[in-house]
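We call the chains A, B, C and D, going by the order they appear; numbering starts again at 1 in every chain.
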């Protein structure tokens, strides 16, 4: 069974149909790439999946359960984590607090617990260690460089042990060395069983990392296949370069 | 040289450099197309030239004058018009009023009225719709209005940011036809386009950007067939290309 | 990143810098100071019992406690969660009216009913939160102003409780020498409770969530925080101690009158105290309340004009907003000059 | 039945004044996203100007707008220049503007209280005691004049915004700030001007208020409460919305006052505010409440 399934999802903004009867599935255990030219509706799809937007029509199923229309925090609880294209952080909190904010709480009694529990601290430090910014754990998040903020986003996304992680341009604004690390992390997590859906524009990265790749254009799914197949498909090139 | 961009870096807020040392040389009366994958910094470049974003380093020189620290309205008065990606119309104003606003920097009313009539000749559809609110226009008409608005000032340079974005293919073709018309009128055009083939068709010279840097440049018609471009958009091919074999793809549900 | 073999050590070192105050001996000295301060405040009335000449000081302290309660409670919604309320005195007003009504109609002492008044204020906050917290930013602030005006209007027209003229409450049957003492202790307890609550929230999961909401509500929602629930809870909780304090204060003043309990100036002063001390910090509101009471006393003694007092409140607020938006505690912390005594998070 | 129509007419003749009061606030919010809590205090200040003009120099309060408007226009521009550029880049801009104008309101209230004391005042030119009679109905002349004058001013505002270059630039800035910059509008200059016009409208409202109502320094809170309800109801930043909202609420308030006594009528505004926040936070004609 597919981990995530979009079924004929449509989202309009005023006169513009940003996502137009879009359907695709993300199989468990894959790193699925989501590519397409500007304005194809990729980020809108992410916003629909994570609950920040509600689809006008269509269904979104996660692990067989309908999640469209649920508030974002419930969708996060079900096991979908996401990062943002432009890294967003709680800038006046420490890096550690940023990560721990993403730790799930259950019920009202949990709210009274200390903000940073010992086991959470250990887990968060381990995650920061994993992405390589543990030495900054007690700095205010706004002091991080842009690349470090990207890494922080990744660590935050991991805190709730999600089944599916949506990455919105993980390589955007990141230098090549950092990028290599991010790719390594994604691959490590993938081996440990996490599923990824990644929007990315650096094609070398997508082609090397993702399988399968979904191509969107005009809010619709244009093609889905292995990286090689996508590169060979004339329609994909047309979508990017325009019809000759 | 009409407009020169020298080694400009720029970015948003405290963020990283989106432009990382970009240079352009724009000559009077020619048209240029800037292409490159998403995130190459094409839109940012135009926003920097027209003053919505301040360059962090480098120089922007227009008719021998450095523009780096001018406000958008000052740069506009120098003769550079910008048509942004989102068209930036005034949704609750009529077509006519949008054009009147376009001539905001002009003080002679009759002159402005005459210019509007000239623009109506280039875009007859706008004349028909002149009393309609801008928000009720179709996507293609909105794009034409945005271009018409820039033309009012008879600028030395007109900069268009992805004019075909969000338009259905047929409508996009109309928009490109209009751009060619502008070119025939002798305008200097700086076009940013995702639709590289169509964009280059409209241009004399092409610039290819990637990751905020100049990648390469050349006459537009030769870039059209450059294999490097394909690679830039779709990544390096792994292994050799299987000859003459078309693979079947798993189609999306709505795939054609 | 430079390869550093002793990353663990770096982490530890940074942690110590950041959590410096948590390292054992200093905490003890802070706790010791606080303990002695509380003891001193608890024992102070003995002077009055002995000499009877400290009524003025008792009054000033008790007024300070009231303001500390208000400021610390406001900080929960306005500081931690970043939702500015320009009508927070509505809670103390409601507390006062609830306890006052119970006293008049059923003869129940406000000392007994104060917690109930707090609960009623809480429920009121819950209701208001349910109505308005779908909105963000300016619409919320506008709604809080309307809340005060609406409540005032309602009570102005409620003849049973005296309408505009209000109604007097019976005096506490104690000799003048002792009459302030129960109020003093009651208000002290309320203030301690409010500050302790604000401290606990600041260091709880709940507080972490509220701070996340203040900085980026969308991101907080995606992080798994039920933001609406948090905001409504925060608003309701921030009404509890003001409700209690209002109950005692009304009994202390011995009358209920809408113009006194629902004046915008009252709400403004709460906001000013927190801004002065430092929004979102634990110590800031306390410090701000103490300073503002002292300043008010000084200026009123000097100029004796309530009108100029209003203008002064506004002017001070304007200056703080433009030049020290972080307040005293925040500014000191940014400059790394915050004394440990004030550093409670 | 006659009574009900009469109440309707009375409400209607107040609606124009409310609309004038709300228009300045809406303009300022629309162009700069500033919720000007001091707007009521501006109106009050102008009312005092008009009052003293009448008391000391026997200037008819209706003509006092010849000086209240220019004075308030300059005052508004000065205040804007002095305060707002300093917080332009602040992270919590919205709440900063509210707090800033809130403190401004306190300052003005205090200064007016100091200068004029808390006495209830009202200018009383002869027409305040007369009424226009037709058939079974009557209209107090003061209310009638004030509303007609308000409508004239609103009409002028409309013509200015609609047909002049500057007015168009103000509307353009309200609709899309970036686009306005792109066509060459100096938005900072336009903002200053719009703030000035907004306060000048407060000045004109003050002239009307001076003979319509009794006032005292703390009265502005009640007005700002009413006005905030009006602009939220109309959809924040929508001028037509605030005008429609004004007439609507003025009439409802008149009926409420008629059925339950005049002291209850202001409750209309607050209840309307909460109701609108609950049901349709974007207001009657508004699109979206800013985040």
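A few notes on this one:
Operating definition for what follows: a residue touches a chain if its C-beta (ideal position, glycine included) is under 8 Å from a C-beta of that chain, and two chains touch if they have at least 3 such contacts.
These numbers were taken from a predicted model, which means no experiment stands behind them.
Counting steps between touching chains, the shortest path from subunit A to subunit D takes 2. Here B-D and A-B were compared by C-beta pairs in contact; the pair with more is A-B. Rounded to whole angstrom, the centroid-to-centroid distance between subunit B and subunit D, based on C-alpha atoms, equals 43 Å. Separation between the centroids of subunit A and subunit B, computed from CA atoms only, is 31 Å.
Between the CA-based centres of subunit A and subunit C the separation comes to 41 Å, rounded to the whole angstrom. Work out the mean CA point of subunit B and of subunit C, and you get 55 Å between them.
Taken as a contact graph, with one node per protein chain and an edge wherever two chains touch, the assembly forms a single closed ring in which every chain touches exactly two others. The full set of touching chain pairs reads A-B, A-C, B-D, C-D. On the side of subunit B, the complex with subunit A involves touching residues 14-16, 18, 37-39, 135, 138-139, 162, 164-166, 168-169, 172, 193-199, 229-230, 232-238, 241-242, 246-247, 249-255. Of all the residues in subunit C, the ones that touch subunit D in their complex are 82, 84, 86, 131-132, 134-139, 141-143, 145-147, 149-150, 153-154, 156-157, 217, 264-265, 268, 271, 275, 305-315, 317-318, 321-322, 325. Those residues of subunit A lying in contact with subunit C across their complex are 50, 52, 71-74, 76-77, 82, 84, 88-94, 97, 100-102, 104-105, 110-116, 125, 129, 132-139, 156, 160.
Residues 165, 168-169, 171-172, 175-176, 178-186 of subunit D are the ones touching subunit B in the complex. The part of subunit B that touches subunit D in the complex is made up of residues 50, 52, 71-73, 76-77, 82, 84, 88-93, 97, 100-102, 104-105, 149.
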